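First subunit A sits with subunit B, and in the next complex the same chain sits with subunit C.
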Partner chain A sequence: MFKFKVVAAALAGAASAWLAPSAIAQSGKMSDGVVKIGVQTDLSGIYSDLAGQGSVLAAKMAAEDFGGKVNGVPIEVIAGDTQNKPDVASNMARRWFDEDKVDMIVDLPGSAAALAAVKVAKEKNRIAMVSSGGTTRLTNEDCTDRTVHWAYDTYALANGTARAVTQQGGDTWFFITPDYAFGHSMEKDASEAIKAAGGKVLGSVRHPFPGSDFSTYLLQAQSSGAKVIGLANAASDMMTTIKQANEFGISPKQRLASMIVMITDIHAMGLKTAQGLLSTDGFYWDLNDETRAWSKRFFERHKRMPTMIQAGVYSATLHYLKSIKAAGTDEAGAVMAKIKATPVNDFFAKNGKVRADGRMVHDMLLTQVKSPAESKYPWDYYKVLKVIPGDQAYMPVSKSVCPLNKK
Partner chain B sequence: MFEWLGISQQALFGQLLVGLINGAFYATLSLGLAVIFGLLNIVNFAHGAQYMMGAFVAWMGLNYLGIDYWWSLILAPLAVGLVGILLELTLLRRLYKLDHLYGLLLTFGLALIIEGGFRQAYGISGERYDIPEALNGAFNLGFMFLPKYRGWVVAASLIVCLLTWLVIERTKLGAYLRAGTENPKLLQAFGVNVPVMVTLTYGLGAALAAFGGVLAAPIFQVNAVMGSNILIIVFAVVVIGGLGSIIGSIVTGIALGLIEGLTKVFYPEGSSVVIFVIMAIVLIVRPAGLFGKEK
Partner chain C sequence: MTFDRTRLGFIALVAAGLVAPYLIYPVFLMKGLCFALFACAFNLLLGYTGLLSFGHAAFFGSAAYLSGHVIKELGVPPEVGILIGTLLGLGLGLIFGSLAIRRQGIYFAMITLALAQMVFFLCLQIKETGGEDGLQGIPRGRLFGAIDLSDTLTMYYFVLAVFLIGFFFIYRVVHSPFGQVLKAIRENEPRAISLGYDTDRFKLIAFVLSAGLSGLAGATKALVFQLASLTDVHWQMSGEVVLMALVGGVGTIYGPLAGAFIIVTMQNYLSGFGSWVTIIMGCVFVACVLLFRKGVVGELSGLLTRR
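And now, the complex of A and B:
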């Protein structure tokens, strides 16, 4: 009897000794006892409407919808203003990773700031999910195995709009392009797509950035006789160009196609000014029941409908949390493997796929802005002319220079 | 005639007209700045913010109170002028004894605060303001379509410039103002209430900025940073024209609008720089500006 007790105690001791390290290992799989998501965004500058507080809210909603906890540890969301400056973004990322236990950074507006932050994430072995920054460099020459590029990129927008509009008969183009790297690359990508689709680029003009008055360039576009005027400029420059095209009676005779436009831009311009504008978007709130359901929840708290960037922050954050759960750890390498292995299926993307280079490939929408008469309720802004399949919208792997694709 | 330059005569006239429109606009904006500098010796960095406030007051008037464009042309400058008067009485007044630099810093700080407030309230994308019904459409001039509203902007700007010039150069009040610029103490000794005059002048300068803002509202997107985008060009206009010179501001504003317009045709990438190149040359050759007096 006594003997048995001893044996049992010994066994129990052995068992607990055998169990204990595993229990420690279990909590060790979730570092620091918290999953912390850092939303690096623009809270005060030119991207604060299309990303900003809306992006912070989107990340919070993803954490709430996931249940506030993953693998038994709480999820926390913090936010910071990068002012779209690379140095601010990289210092913030470094501080967040080193001191504040941040596991993943998301949003990252301004391509230069995004490029700076993803480098720090790679160095510190954490994950960066870019939703705002648009440059294709993130998944090409500057790709890392810790970066994911979510909502859109400049190639998908320029290529999608240029190709679809050319195919629909808008086969002669004139470009109004801001004179800096982003504008040049937009114009180049779009011009290639136009030529590939059998169209012609009749001319282009490069204006200083930021611009103030665009009537000179519009008159040149007018006298070129092009059927489509391609706008490679963004935000307030683009809005002023569109407004002045109306004023000079250039649109709707010549169609305007914007290479990058957000629904908040349309809201600010109003339908009377923006009507007829063609563009490509990664998301439209009024596409189906699922998008409407989420967007209305977002609207209740933000008082504006989500842009593709804000919806993308939600989708990326949710996919990240699902991947942690599936991996059973928050270690970046294991989570990234799950991120890339799992198809993205939510209201934002159907059968979206994260490629080896980090590009999340999903369907894009060719949209046209409605006229005031066609719009029946608030934020009823777009006609979806065409769904552009992801593999046609995004740069093919064969063109990408990211070495990760070759593994 | 101009075909050898790669541009038709028609297109060139079109671009010159656009240049004239912008020039008239620059003239109106630089006018207020010149008036304020002339009398107060303050480089009013809040001018851009006051211009933006003019546009926003017009927008608010239309959307909250149903005040139309034409009333806004009068009421918005009045409202912004009053705010200017308050600023002068409460803040600027304390700085006259100090170096110019303090006035510059104060008005710059004020501009940042005002712009930040509007950005917080209305977002960065801003609001739209439609062209008033009566000025919709365009005139066909043969070589281009001139939007009626642009025609109106040129007319209104030139009228305001002319009126301001007449008041300052040809009336007794204007004579006091000019005397105040030269020697405020002597003027006060003659029984003129100089402090009140200074306050009203600052109000007038702010009102002129706001008037420009109302004119601009239907052309540009009304947003918090619309003023800071244009302010730097307007400063160049004032410097080239000669700090404080009314006629200098008007002539330089129009001339630079034309030059900028031509640059946009022949080398658009340089159009934002050309004004500053001219400024640099003028400062080297005539440091006091084209119409300024060396002190």
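And now, the complex of A and C:
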């Protein structure tokens, strides 16, 4: 009897040893036994409000909502501060891919930093999902088959806002532009939209990024005599420009049009200053029940409503995890094939699709900031004027210069 | 005795350099070596000539931009690109130096800072440097048309070779009769003049050499990271190199090397703290200045000789 038990145990042991390698082989498709998501964001600089810790939280929420595991291996989220500098972003991405086994990087505020990081991702065969960086170069001149551009781009924002303002009669423009990829793209895309709508661009001036004093640029804008001063800068740069324009008495006479406005900017400026501002957004928390449900969960943990960028980080991360599950591996090529093959359906995007050039096409919203009287409850900031369908909002494939579209 | 000791030091350095990439992440080591060369070049001026330049980022950064540009746009081989960057460092050094050495102390520092800010502004404004985007995607190419540098380990040994050449060159300069005159100027310039030395000329040569070597370091760094950005020409970079030299030990041959690695390690492994890094580094700097004024290497060698 005793002998039988020993033999049985030995057999069981041998059997498990026999079976074990196949189990290992299966999880071998998942590199390093972990799916690591690196949130490269701005934790200390001017984009820390619209991305920052909120983006890190969004990625963590996506991992938790997915169940914390994919194909039997745990999901881990790490974060790093790029300070919006290309050299820091590039070094960090390299170190993450080489040493820390990171499989995907997400967020990437500051287009210069984003451009630097996606190049490293391509070189190391990993995936980069840009939510914060806005330049259309990511899906044009500098597109790679490992980049996905999620929440918005300068074309979609400029096309929405600049066209609407021009059609309202603001037909001569002067641009104040931050001197880096994002600003250049924004100014270029907005200028094209203005010309298409029958307006004229009288001139532009570029300022260092991030800036602190915009008075000289505002005076140049004033002397240009343009009806509209287009602000191609973002976050605190944009807010400072608006404040200084008020102080100089420029803004009532010449209209200011910000090309990129986040809900956190409105919160910081206050409705009194911001009311009436037109903007194009990829997401608004108070749009429908689904967006409200997610945003309230986010609010409970972050104490602020999500921007389109933070919601985009969640949506992108979730889509990435779903694609790993569908592909059965975390190898970048196979996952990317699934990312592009599967439509995106969550609270952020309805029937969104990722094009060959990496652009995630989804509906955009043309919004106007409410006046203090119209705002009924906290964070009730926007009136949604119009839903711009994705294929009208984003640059058509025929205009994109990305070679991946040609295939 | 001293001869044996320095030879032993060199052998240990080369051996450590050869083995290191198998133990430590090579990209990190390359970054350290580039900054070490930069700090050593800076030390030639501060440690051995007694001139505190606050504009060395101009040589480092502009060389990075130019070599990156000629490699990327004109397709020149990497060794020629680095050489062109070094030449730019030398040329700029000649211009900066001939203006700055006319003044001393704080005025010297301010002139170098002002000129460096002009270079920064140029780099920000001209189209070729790409503004805030920097110069991205510089190809590493093939060394002498044969050796593929895109492999990390090959690149590492190339960087190590560049560093050792620069390091040895500085060592030779410091220990030559020319270097003795530099030290004499550092200790007592009027006396050096009274002995018949044209000190301005010596100072200018030291300045140009230091600038050229900084250019060499910058050009190499551009090739390592395939990137040249405004960070490289910013005045903070000029401050960082002062910090590296001070923490490691001004006026010691190994000091800047140690200092560069200490600072780069801190930047690398403390990056999770975000903007706190600068505060932590500030505290380390204060602690260094208060506790070991001769720097890490300076204090260590002091201990050794006392024994």
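In the analysis below, the second predicted complex is superposed on the first by the 309 of 407 C-alpha atoms of A that agree within 3 Å, B and C clash if a C-alpha of one lies under 4 Å from a C-alpha of the other, contacts with A are read in each partner's own complex, and residues count from 1 in each chain.
The criterion applied here is as follows: a residue touches a chain if its C-beta (ideal position, glycine included) is under 8 Å from a C-beta of that chain, and two chains touch if they have at least 3 such contacts.
Please read all numbers here as calculations on a predicted model, not as lab measurements.
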{"item": "Contacts of A:Ala268 with subunit B and subunit C, given as first, second, both or neither", "value": "first"}
{"item": "Partner chain(s) touched by A:Gly328 [first = subunit B, second = subunit C, both, neither]", "value": "neither"}
{"item": "Subunit B versus subunit C as contact partner of A:Ala235, first or second or both or neither", "value": "first"}
{"item": "Subunit B versus subunit C as contact partner of A:Thr216, first or second or both or neither", "value": "first"}
{"item": "First, second, both or neither for A:Pro208, with subunit B first and subunit C second", "value": "both"}
{"item": "First, second, both or neither for A:Glu247, with subunit B first and subunit C second", "value": "first"}
{"item": "Touched partner set for A:Asp179, first subunit B, second subunit C, both or neither", "value": "both"}
{"item": "Touched partner set for A:Ser44, first subunit B, second subunit C, both or neither", "value": "both"}
{"item": "Touching both subunit C and subunit B, counted on subunit A across the two superposed complexes", "value": "44-45, 179, 206, 208"}
{"item": "Subunit A-facing residues of subunit B, complex", "value": "8, 11, 14-15, 18, 21-22, 116, 119, 123-128, 130-131, 138, 144-145, 147, 149-150, 219-221, 223, 225, 229-230, 233, 261, 264-265, 268-273"}
{"item": "Interface residues, subunit C side, partner subunit A - complex", "value": "25, 27-28, 31, 124, 131-134, 136-137, 225-227, 229, 231-232, 268, 271-272, 274-275"}
{"item": "Residues of subunit A defined as touching subunit B within the complex", "value": "44-49, 179, 205-208, 210-213, 215-217, 219-220, 223, 235-236, 239-240, 243-244, 247-249, 264-265, 267-270, 272-273"}
{"item": "For the subunit A and subunit C complex, residues of the former touching the latter", "value": "43-45, 79-81, 83, 85-88, 90-92, 94-95, 98-99, 111-112, 115-116, 119, 178-181, 184, 206, 208-209"}
